[in-house]
Amino acid sequence: MISEKSLETGFVKNLKHNLGNFGLSPVAIGLFVLLGFAPYLIGDEYILRLLVISLLFGTLAMGFDLSAGYIDVANWGYAGLMGLGAYTSALLLTNLGISPWIGTLAGAFMAAIFGLLIGVLTLKMDGMFAAILAWFIGLILMALTTSLTGLTRGALGLNVDLYFNTGWSKPYFYVIFVICIVTYIVLRRVTNSNLGLAFSALGQDAEAARTCGVDPMKYKVINFTISCFVAGLCGGFYAHFMGILTPDIMSTKHTVEVLVIAYIGGRRSIWGPLLAAFLVVPVFEYLNFLMEFKYVIYGLLLILVMIFYPGGIAHFYNYIVGIFNEKKRKLTGPESNPFA
Amino acid sequence: MLLKTEGVEKRFGGLVAVKDVSITVNKGEIFGLIGPNGAGKTTFLNCISGFYKPEKGKITFKEQEITGLSPTQLCHKGIARTFQIVRSFPKLSALDNVKVAVVYGGKQHKNPEKHAKELMDFVGFNAAKDVLADNLNTMQLKRLELARALATNSELLLLDEVAAGLTPSELPDFIDLIRRIRDSGVTIICIEHVMKFIMGVCDRIAVLNFGAKIAEGAVEEILNNPEVMKAYLGEENVH
Amino acid sequence: MDSTVISDLLVGGILRGGMYVLMAMGLSLVFGVMRIPNFAHGEFYMLGAYFSYFACTLGGFPPAIAIVLAGIGGFVCGALMEKVTFYPLRKRSRGDWIMNSFLVTAGLSFILQNLAQALVGTDFKGVPQYWGGSINFAGLSVSTDRIVGFLIAMASVAIFWLFLKKTRTGNAIRAVSEHETGAMLMGIELNKIHTLTFALSSMLAAIAGAALLSIIPAYPTMGLQPLYKSWFVVILVGLGNIQATIIGGFLVGVIEAVSSFSLGAMWQDVVSLSIIILVLLVKPTGLFGKKMKV
Amino acid sequence: MKKFTKLGSIFLVMLLVVTLFASGCGQKSSSDGDSKVLTVGVDLPLTGPSAKAGQEFKDTVTMAFDEVGNKIGDYNVKLVWIDDGADPQKGTSAYEQAVVRDKIDVGILNWNSSVAVALMETVAKYQIPHYFGMGAAGTINEKWASDPKYHYWINKGWAMPDKMTQAYVDVVSQAIEKGQWSPRNKKLAIYGDDTDWGRSYGASMKKRFTDAGWQVVNEEYTKLGETDMYPLIAKMKSLDVSLVAGTISSPPSIAAFIKQSREQNLKALMISDALGETAGFYSLTGNASDYILDNRPVFTTDKALKFAADFKAKYGYDPSPAAGGQVYDYTRFFIKCANETLKEHGKLDKETLFKFSQEKLMTGQITFTDGVVIPEYKFDKTSAPDPVVGEKNYIFPVVQYFEGKATVVWPDAQKVGDLKIPDYAK
């Protein structure tokens, strides 16, 4: 006979396990739920908008981390792909009248197709070359957007209709919130699965991965495609959130912004970059009054993190958890780990 | 007969690294590949494992031609290898290191994790299985790499100087492990410098010198071959 | 196209290319020796331009001296930055060196650009001319500043090249770029070589910025274009291949001049980038790339 | 020990972040006081690529408000600088902050058109009247016309480029009629930098000169910041144009274009719109800028010269007629509007300021004639959101530069000298 209590713990354990598969720890769920109520808890429109931007950059950084952290290719053309998604959605709306919701998805698929192409093209190259080739493709996208004035209006800028007929942040918050959660769950799921194992293996030692039977082409391309899909998705959101597009959205400086967030958050964790966005974006908003010195601090922080703690927040967390586990081990006796 | 190479040749620019090498490896044996430094042993091994594409020659595995296939394809056909300098996925746990090979090695397992654990026990991996590979020592990494190679369901295992760097006290254990692997049905080709290892485990050996094969046969036979003595043993210290 | 147009373009392309060579060489050197993909290279170009400007206007030095001073300034700044950032990074770094060092250079770029803006202001600081006048030959007319700037660039490249080939230190730098561990075994002090390399690379960029001051005035974000261009060159010929940047620089210069003429200025980036991508697809290590593991 | 240093460094970084946070939060301002306060948000790019213009904005606005003692009636004026970094996303965030945190009642000015379009959304949602944004591009007009809610973006300080270019055609046609210039052909090349500004100017000039019988043989835009113009000039030379027209807003680019066209001996009269906006362009171009035509606000009147001198004395550099002079005028125009609003409604807040703008400013009932660069700033229903363009209203004289000095050659009412044609263009 099974007592009620053990049944319950069994159920909870099961649930926990299942959620864990989606990368949702109780803490993560709690934070997400809290965040979900934020528009009702926070009356301050400015802070709400900051949250929207943090969510946007967090999502971008998670997508970036998928390729930078796992297969070790920092996609320098990331902003270009984001811009591609944005322009695709915007042009579909203005020229064909296609709903921005479908357009956003179409933009994401467009970016994913480009990601697939870049993945195939850079297959034979080292990480460094692949990164630079992706950069060049991003620059070409930007140059084309600037030059094809008949289509994109180039530097004149493209007026884009918003998702909603309002400028208030609340509805946009929920759009990006859903995008963010879905991205988070999918990416956590992917990286915790066998697929993630293949990505990690490829990123850490491509040759050893090949001898283990991991097909570099296939998994690199899958990885790039997913990562670029996220970029395109966020691009579409950006377009219908800001209402204006210029080719500047594709410039390298935006890639660097995302990259900084991803690295401060910690590579190969997905959650680190998301968390970092909520630190970096607001902190630097607060520093606006410092003018140029804000960016000086930005640079200093980047250098300090890279020199002293290149693993970022996620690594720090793992380190703390590691200490705890070690203590636990010592307490529970030599059973588990006499050698490590 | 499991593996056969016929007239394999590999060039780097003007340099011929491997010249017209033909060997035959039978199923179930441990085949040694020896020769002085720079004799082209590793290059030859890279040709078999698909890292290099030979310019000339033919390699057959289980009656099938496999010349020029990629390492991934070869892995799925049943050829696995280890590296001269141990390679691991440093930021994955030891278990995940093996799991990659179980999952992608070409054969479906119902419970990859369990299979990986069994293999790790089999090779005598004695550290905690959830430790990052980054924190393992060489000995542990070597065993890990073996487990990983076995995890791909290999029928042929290519070992590149697997005994290098072991202390004399660790050696017997390792020789025993290699034997056990062979007994589990895996054919082994190994490159080795450590003579004690060669004499301890190999059934037959081939000798390479300046990229060409100069002898092939049973261990005693080869070690008494005057040409081999001249080319190889005369210059190297015998362990 | 008549012949004057062709020669106009060729001369324009070569003059443009000369500067790319100077910039790209430093970039390639730093990557070859230190494995740093330098994102802050353009900022040293900017520093050079400012140094030269202040030497000219505040110091009242003649142009030639100003350019030399700018070079020295670039050298000192480069050495300083190497000591402050990359040296500790190298000591602590375990793996992922390329990406980590890249981010450090990105940080440096932020800092230098914005410090310049905060301290010197956003004004465009230029001199209308260094030497003035123009030189005419065969129906072409090119300003003296441009010619002299080009000659300075070529002279710097030549001197630098001789330094690498003929001096002990130069040989040591090359040895490190060939094989770091090997060089260390030969008794070469890596730290010194690294600092020197970075300083030299910064010096080359600073000279380029200074030599062009009369054509491009100094302003905080001026380094971006030259940075992109020198990356184009370096990737086109192959990362870390220092001598090939000479060919690559001129090649990119002429390609840009021709594509800009025949298709329109806005297409020059698309054309040159497409060519580079095509080259990379056929030859992933670049035109003259050496096979290297990253 | 190693663990300790690791932790130590983390601690250091954390400490840094926390101090930054603290100092950032400490910046909050208290807008409550006994006296009445009008909080004015000034949108300008203090950082980023247009920071130069932004700094000049800031100095000019400060000066204009200082002159009235930072007071409008019994209201104390509090200025809030909204740094948009020339980026739509940064701009909207900064503006939100100004609205929510600093509680601005009204906004003025702006520089980049793309930022303006994004900000229109923000001002519409908070119903903050925003006076005299300087972004000029047609995208603003489009959006403005698409929905009345965008009328909170109260007029553009700058007319659409298309309305300004006719002046050049008139000057050139006049010169040909009078026999001052007999061009060897009527071939024209359009150039510009690849920005909203450069492109809309180029397109407009192309249209107007074509209408006037000129043949446009080349139209080309260069990347922002491009400094190698050899291929472009080589092309113009090979097409044998006798007139080149366009605008480049980036100082190094325009200086390069001018210098290189003289180096390469381009045999054409040159129109270079916005050259005068680059304060001190002469120090970059030298005499290569002689004979160049420009259609800019210039400091000609005594009042204007006094402003320029005062400005230089106060801030140590020459103001440009557009980013300095025009901004000065618009700031004072705004002060005038605010004073009138106060008189009419008895109080100053976003509602009254918006109401006033719709009732008085947009109907042309209130204009500004006390400016330093333009005879009369006036808006009406037909021109909105642009200012009324015309000889007596919003007009810039066409000037020709010699040794860096502008000589007005058009319109006849203001002109000081005749158009001079360089030998190489004859």
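Of note:
Order of writing sets the chain letters: A, B, C and D. Residues in each chain are counted from 1.
Everything below uses one rule, namely that contacts are C-beta pairs under 8 Å (C-beta built on N, C-alpha and C of every residue); 3 or more make two chains touch, one makes a residue touch a chain.
Please read these numbers as outputs of a predicted model, since none were measured by experiment.
Counting only chains that touch, the fewest steps needed to get from chain A to chain B is 1. Taking each chain's centre as the mean of its C-alpha atoms, the one that lies farthest from the centre of chain A is B. Spacing of chain C relative to chain D, judged by their CA centroids, is 35 angstrom.
Put simply, the C-alpha centre of chain A and that of chain C have 33 angstrom between them.
Centroid to centroid, with C-alpha atoms defining each point, chain B and chain C lie 47 Å apart.
Here the spacing of chain B and chain D, counted between their Cα centres, is 72 Å.
In chain D, the residues touching two or more other chains are 47, 194, 223. Residues of chain C found to touch two or more other chains are 114, 117, 264, 266, 269.
Within chain A, residues 146-147, 291-292, 294-295, 301, 308 each touch two or more of the remaining chains. Across the assembly, chains come into contact as A-B, A-C, A-D, C-D. Remark: chain C residues 1-2, 4-5, 8-9, 11-13, 15-16, 114, 117, 121-124, 126-129, 134, 141-143, 146, 212, 215-217, 219, 221-222, 224-225, 256-258, 260-261, 264-266, 268-269 touch chain D in the complex. Put simply, chain A touches chain B in their complex at residues 194, 197-198, 200-201, 204-205, 207-216, 268, 336-337, 339-340.
Remark: chain A residues 44-47, 49-50, 53, 146-147, 149, 153-159, 162, 166-168, 238, 242-244, 246, 248, 279, 283, 285-289, 291-292, 294-295, 297, 301, 304-305, 308-309, 316, 319 touch chain D in the complex.
Those residues of chain C that touch chain A in the shared complex are 37, 85, 88-89, 92-93, 96, 98-104, 106-111, 113-115, 117-118, 228, 231-232, 235, 239, 264, 266-267, 269-270, 273-274, 276-277, 280-281, 284-285, 292-294.
The residues of chain A lying in touch with chain C in their complex are 68, 72, 74, 121, 124-129, 132-133, 136-137, 139-140, 143-144, 146-147, 256, 259-260, 263, 291-296, 298-303, 306-308, 310.
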